[in-house]
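Per-chain numbering from 1; labels A, B, C, D, E, F and G assigned in written order.
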Amino acid sequence: MRTLILQTASKYLLPLLLLFSIFILLRGHYLPGGGFVGGLIASIAFILHAFANGLPQTRNLMRIHPGFLMPVGLGLSFLSGLFPMFLNRPFMTGIWFAEKVAVIGSIGTALFFDIGVYLVVIGASLTIIFTISESN
Amino acid sequence: MRNLFLMNILLALIWAALTGSFGYINIGFGFFVSYGILWVITRGRDDVNYFSKAPQVVSFLLFFIKELVKANIQVAYDVITPKDHMKPGIVAVPLEAKTAMEITLLANFITMTPGTLSLDVSTDRKVLYIHAMYVEDKQAFIDEIKNGFERRLLKILR
Amino acid sequence: MEVLLAIVIGTLYAAGIFMILRRSLVRLIIGLILLGNGANLLIFLLGRIAKGKPPLIPEDANFMTAAYADPIPQALILTAIVISFGLQAFAIVLVKRAYRVVKTDDIDQMNATDDV
Amino acid sequence: MTDILIIVFSSLGALFILIAAVGLLKMPDFYLRVSVTTKAVTLGVGLILSAAAVSFSSFNVTTRVIAIIIFIILTAPVAAHMIGRAAYFIGIKMWDKSVMDDLEGKYHRNSHTLGSNATDEEDNLL
Amino acid sequence: MLIALLFPFLAAALLALPVREKRDLIVRLSALVPLGLLSFFIYNSQQTPTMQRNAWLRDMPVSLDLYFDGLSFLFILLITGIGTAIFVYAGAYMKGHAYSQRLMAFLMLFMGAMLGVVLSDNLIALFVFWELTSISSFFLIGFNNENEASRKSALTALAVTGSGGLVMLIGFIGLGEVAGTYSIQEIIAQRDAVVNHTAYGWITGLILFGAITKSAQFPFHFWLPGAMKAPTPVSAYLHSATMVKAGIYLIARLTPALGDTPFWNQTLLVLGGVTMLYAAFQSLFHKDMKSILAYSTVSALGILVFLLGIGTSASILAASVFILVHGLYKATLFLVTGIVDHETGSRDVSQLSGLRKVMLPVAIAGLLAAISNAGIPPSFGFIGKDLIYEATELKGHLLTALAVLTNIFLLVAGFLAGWKPFAGPLQPEHQKVHLPEMAMWLPPLLLASLGILFGLFPQLIEKTIVAPVFQSISGTAFTGHLALWHGFNFVLLLSSITIVGGLVLYFIIKPSTALNSFIVKSEKFGPKVILTGIANGFDLFARLYTKFFQNGYLRYYIIFIMLTLIGLLGFEMWHYTTLETNNRLATEVTFYEGVTIFILLVSVVIIVFSQSRLASVAALGVMGLAICIVFVFYSAPDLAMTQFTIDTLTVILFVLVLYKLPKFIPLRFTPHHIRDAVIALGFGALISILTLEVLTKNVNREISEFYAANSYVLAKGKNVVNVILVDFRGADTIVEIAVLSIAAIGVFSLLKLRLPKKERIE
Amino acid sequence: MNPNLIISPILLPLLGAIVLMGFWANPKIQRRLSLVFHGIAVLLAAFLLAAVSDGTIIVMQAGSWGAPFGITYVADALSALMVLLTAIAGLAVGIFSSASIKSARAAFGFFPLIQFLLMGLNGSFLAGDLFNLYVWFEVIIISSFVLITLGGEKAQLEGAIKYVTMNLLASVIFLTGIAILYGILGSLNLADLAIRVQETPDKGLISAAAILFLVAFGIKSALFPMYFWLPASYHTPPAAVSAIFGGLLTKVGVYAFIRIFSLLFIQDPFIQKLLIGIGVLTMVSGALGAIVSVNLRKIFSYLIISHIGFMIGGLGLFTPLALAGAVLYMAHDIIAKTNIFLITGVIYKIKGSFRLEKLSGLYNEFPYLSIVFAISMFSIVGTPPLSGFWPKVWLLQASWQAGDYWMLGGIILASFLTLWIVVKIWSVVFWRKKPDVINTRVRNELAAALPKNRNAVLIAVGMLTAVSLFIGFGVQPLADLCLTIADQLIDTEGYIQTVLQ
Amino acid sequence: MTTTDYLYQIILPILSVSMLLVFYRFLKGPSMADRIVSLDLMITIGIGIMSIYAIVNDQSSFLDIAMIFALIAFLGTIAFAYYLEKRNRND
């Protein structure tokens, strides 16, 4: 399965897809997209890499076990929901920074929440696919 | 490192294209994002030559489009008319292209022109196996590939 | 169109049920996927459908004025889709593991735990 | 003017797609079908996307259209290569009027490697 | 009084504590508890009737209100008085036994429960204690738990008394609800309302069922002879003097509330009559002393039910006295049996004889008890028997004849158990048998002596015990006198016939194995066999029922569920669905939509019927694409994106998993398919119809409109769907990513975890 | 009163799960940390219950979006009670599993999964939004899927396939019901829905939706004839998992029944009759299954089913007494069933088997332990005055008042069969003496395993037994609470007003 | 006839017909590889349909879906190809 063509393509598609995934993630609040789809695309990027180069290579590339992204992402979403509670507001209340930022628009807890979603989705889908792939 | 840097710039530009805004803040942000991505994935990658040779690229693209349209029409004709004119076959084309990048680009461009389909590259990277719809003469076909796509492509890439 | 979609939904439910009544584990899982899709389409349809009016606030506006498709069912379905994906992934792997341990894809041979 | 461009692009695009579809039906073997369709469709979709770019005539959309076309051009040949190779590997036969098959006897059944000439060991070859 | 009631429970708990030394002493000292209680209640008996109110649970129809009257007092005397004797006796009997403490703890628990039964004024509290007697007696009967027969009889006893108790609970609830109170005394005050209520028959029947199972009435008597597997002190306590009398107590207690109706009287009369004669007859055929006593106990209980069923003043008086009479002599006989068993290792009356030569005090106790049992003057039993005959005499000759016959048999039984082992020559193997310590022979002797003492001096108990009991049951004051001598009358004649006939029969009957096996064979058609048969039938039914439903085939489970759903949903929709259409359904179908739907439907068909797994998966991809396009057509870009990426991942998943699996099981066309297809299509059709029905309605869009209006203004996002996901309904989303994480953990551990052998579960 | 307190029982286990996942590679730390989380959970839950036990209803609008626009979390007495019971059962299972779960399972996420499961349960109890309830259900399902298969033994997998399939089917039906309700009423907030259900003219469609919910929850709470997954699967995982399943999982279905039907559907007399009928059949079917089973855990699995019938029947009667009875029964059952499954786990540790024919002699070997076991076994029977008895009194009273004799008969029959089963078990497992059928080597290994972890195991069992005894003898405060709950369930005005204010 | 009408009434039907033709190939096979290629092609045609749909509804957001389709559709094909090859080895 490790064909030269696929390997080469994957090398260029990986950063492209990852970039695209972040793009999809960040624009989600304004246009179709968001953490789910973004995360799914990012995981597809790595899966493609694994198809082309073999799982060990991909693992090597990622350095950390994808499963670790799950607590990180969950934690991020959790904290962004928790944050307003320190300001004595209900859980998940949106807190926004006044200034708009280029590209992303308003930065607020919802953004971090979505990033958390993004990370969890990557972590979970990659854990699933990689585990299955390894057990074959 | 230079390659990485180029790649980074490229990705930043693609980012700008994606987001549809070429303001310097956005490009900067795109640069930042792609920097992060490259940082994540840099391990285990070959060096790739990023010198851009603008005129050659343009001429290559024009050639490609010409081939694309020409062959598309030919195939269209074959599809639409009831009689089949094909003489298909798989041809082993010896490769001058050496690097993975070269071979891949070549193979893909060949595939993207109608009538030909790059099936596979031999494991030792010496031969590209092409399925072609019209193989009147094997040697002529090989020459056409070698003088057409391969030569032009290699000129750009090397 | 609503009638057609209602028929599609009914078909998906029917096909899903038919499939989970088969002996093959793989068919079972496909059945569950069909059911999930049916339910998603049902939510979608019952939120009432509208053509070509996605719930996106135009760039130059602060809120939506024109009629738009109901965003709530869409959000619900998105959630449901992702959840189903997790469950399906688990179910598929369960099949894999079950096959490795039980050595069959045949549900009829997996009834030892129902003995008294 | 815009409308005319849209109509021209979309018509041509639709036509190529239709041709690809007919080709897919009509071509006598798998390899020919792939051969015909991959690009016809790419061209067709590219044209239709161009129509969209023209229609919206905003920088925003145009860049997106370019991105889509680049994506398709990047991925379609790779997909065709992969499926074509797999098809050959599992022994999907070529049309009986095919004139040559240089790939015959080059794949190693177990290692999935591909030789460059016909002198490889006899065993395990497809 | 409450403290007195709780005292035994505390004592039981203390007795259960582990002790290393002086266990025998502690066990013996436990007899102080019943003794203390006896003194306490005798001391307080002057103030009867008293009601002590103790709230327990405010919201439950239960209180620990204690009602102490003549009837309670009589039973308390049995419980604590005979109890003291038995505790003393048991302390000696169990000497050195490894589990003596356990036995005493359970006995103590049982005693507390019995006290609770007879003191509770509240029906539910009574039931609580009632069940506790069943449970503690379960542990007592099964005390020799390594013996299978013991375990079996404990189970049988609990099955009978437990089921009776539960049925009785419904009766109690009914009674409480009908009367509007769960206080027995208050219910008695409303007797008329209760008796005239339509549910009276049910309530009475249910309560009596509890009483007669507990008191071992035919045909539920068989558990009691079985329960003789218990150690003898237990038999003596539970199965002669106390527990079996709980049913009698209950009938007596509720007589003022439910009694004096034809249904009540006739039911009791028939049950008691049959039981007393049947069991008395049975008792003649046994050679095991305990069996003889068991049947004679059943018979005596029958007599009590019978008397309460007659329901006249005379019969109530007779019952009042006979309870005490029977308690005294029957406990004695059991204790005597225990001593014989303890010392000789045998209870077989056909083998035992002449033991008076080695254990005279025991023989005297046995003889005195047999005399009282026989109703030979001047025993207390004579008074009892007289009263029984007086009671029946007024009700007709049939009942009298029944009573006489019963008493003849019972007399024989009494002598068989109480005297036969001591009469005649001493068997050689029993030469070395000796008298046990005093703690064992004194209690029976004392009890037996009381049987004579009360006969000679009935005035000792007339005002203190009998009169208040009579008052409690009948509700009227006792005006007569208890006396040994009533002059020459018909009753005396009956007594004489009984004594003479009984003694003659005693000398005729020779207990033997042959005789015993005759009755054992006849039991093949007895109630025990029938009830066991019913139980087995029930078991078989349970087996078939469970096998039918829990048959191991997933698809049948799903079919059951689907049939339920289709049935119910169809039923509801049949009633409500109008099948009307309106313009809301009439959006036109364009060609491209039609094509999309067509492709969708056909791909579903392929998914279902394809013989190739991979083709099914590919068709799943087509279907997903078609759904995406539907989402695009109907304004759901986010959905289309997500659905497509998820579909791609699903394909990858399938592909990674599938190729290791064996081939699809071919989908041959069978009748099963038709059945499944009918079910599936039926359900699909219902869903379609339901969908269309909903679509004809107007829907309130208030919430969507709020989102549309405020997404950007309040939540700073323009993709309303995304704003819902991360803000308005962000709580859903965080849960959802948790689901995804869990699934990933699941996949990971399912594939990676290999249990080491020792962590496997069977 | 900070409304965020309401969701602390959700956030705490979520935090727990995240933290424990962070220590993925270190089961030893997970073991200890999870105990801390369980302990805090009990405190929080007690605090929450104390805040609402007087009938107060506390509402938290997540994201500050007032109902019906955001997701509402509501703590009324019923929710808080369920949360507390969950926390107690969770603590016991946590203590038990800290000793009993071996390193293999612990290294594969057992402890975070338990936290996730508890989070799902608490989420379900506190959710005031229909779709949010669905999502919580999914958390429960998926974590239970994983827990039930953790280890991947043959039996586990076979059971799990049925468990997974039927629960996913239930989810689809649930989702279908949600779609229909949303399609008619356009809302997901329970309080809002309650009002809209009253106002809508389309009662027929509401009934149809009710049927869908009935079947969906019916599968989850293992009602007749939808319980089949339970006897096929509950006896397959390790004892700690069985225990938390046995105690809590079906109860969340019952909770959903009570919550949703009391708010939305109960006015329909057909539904009431249906619930009673199903309840009675469930009682009897479960008991019949238990009679014929020979595997301890399977017996108790069937008893779970049987006793669910009491609660559903009580809901069907829908009088204050019946509802209070149903809730009280549920409270008792959560504790008692959790305990009984832990106990079977202990028995397994000692004897190495769950099968009756292989068990014997516990009474003489472990007399005091046996007494503790007996208490919890007889609690399940409802032997007075242990915890199962009082709710039955209420249910019987309510049935009598309603003139529902099937219910009366069903309760009594099921109670008797339960009694019979328990004494049969007692007689065989505890009383009987039998030459050991188990290979001595295995036996010694197992016997050695017990004392090592004895304390944790005994503390867990002892704690639950103590709670059970408390429910039995000191039922008063709980009974008060249940009556408050019943009032709140019948008069939903307070709930609706508080949420929508 | 406006441009929109033209796209609606001519182009979309042509694309739909093409989709149907490809679907026919999907049904017909004969090989699994044919089906996979058909699926891939249908997705690409889907991109075309979405683009037209974006034009007629003046909703550029539909192009975003097309973008995602374009980028990841081929992964499905690769997965199928992977399967075909792997399965072969296991036969």
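The criterion applied here is as follows: contacts are C-beta pairs under 8 Å (C-beta built on N, C-alpha and C of every residue); 3 or more make two chains touch, one makes a residue touch a chain.
Given the structure is predicted, the values throughout are model-derived calculations rather than measurements.
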- Message: Keeping to the contact definition above, tell me which chains border both chain B and chain F.
- Response: A
- Higher number of C-beta pairs in contact (A-F or A-E) found for A-E
- Message: Based on mean C-alpha positions, which chain is nearest the centroid of every protein C-alpha shown?
- Response: F
- What is the chain whose Cα centroid lies farthest from the Cα centroid of chain C? E
- So the chain most remote from chain G by C-alpha centre is E
- dist(centroid_CA(chain C), centroid_CA(chain D)) in Å evaluates to 32
- Message: Suppose each chain is reduced to the average of its Cα coordinates; what separation in Å results between chain D and chain G?
- Response: 13
- Task: Averaged over CA atoms, how far is the centre of chain E from the centre of chain G? Could you give it in whole Å?
- Result: 70
- Whole-Å separation of chain centres (CA-atom averages), chain A against chain B: 30
- Can you tell me which residues of chain B touch two or more of the remaining chains? 14, 18, 21, 107-108, 118, 120-121
- So chain D residues touching two or more other chains come to 22, 34, 42, 58, 60-61, 64, 67, 74-78, 81-82, 85, 112
- Sites on chain C at which at least two other chains make contact: 16, 20, 25, 28, 38, 42, 46, 48, 51-54, 56, 72, 76, 78-79, 82-83, 86-87, 89-90, 93-97, 107, 110-112, 114, 116
- Set of all touching chain pairs, with the criterion as stated earlier: A-B, A-C, A-D, A-E, A-F, A-G, B-D, C-E, C-F, C-G, D-G, E-F, E-G
- Item | In the complex, chain D residues that touch chain B | 16, 19, 22-23, 26-29, 31-32, 34-36, 38-40, 42-43, 58-61, 63-64, 66-67, 73-74, 76-78, 80-81, 84-85, 88, 94-95, 97-104, 106, 113-117
- Note on the structure: The chain A residues in contact with chain B across the complex are 3-5, 7-9, 11, 14-16, 18-20, 22-23, 27, 57, 60-63, 102-103
- Contact footprint of chain D on chain A as seen in their complex: 1, 3, 5-6, 9, 12-13, 16
- Query: If you look only at chain C, which of its residues touch chain F in the complex?
  - Reply: 16, 20, 25, 28, 32, 35-36, 38-39, 42-43, 46-48, 72-73, 76, 79-80, 83, 86-87, 90-91, 94-95, 97-98, 101-102, 107, 110-114, 116
- Item | Residue numbers on chain F that touch chain A, as the complex places them | 2-4, 7, 11, 14-15, 17-19, 21-22, 24, 60-64
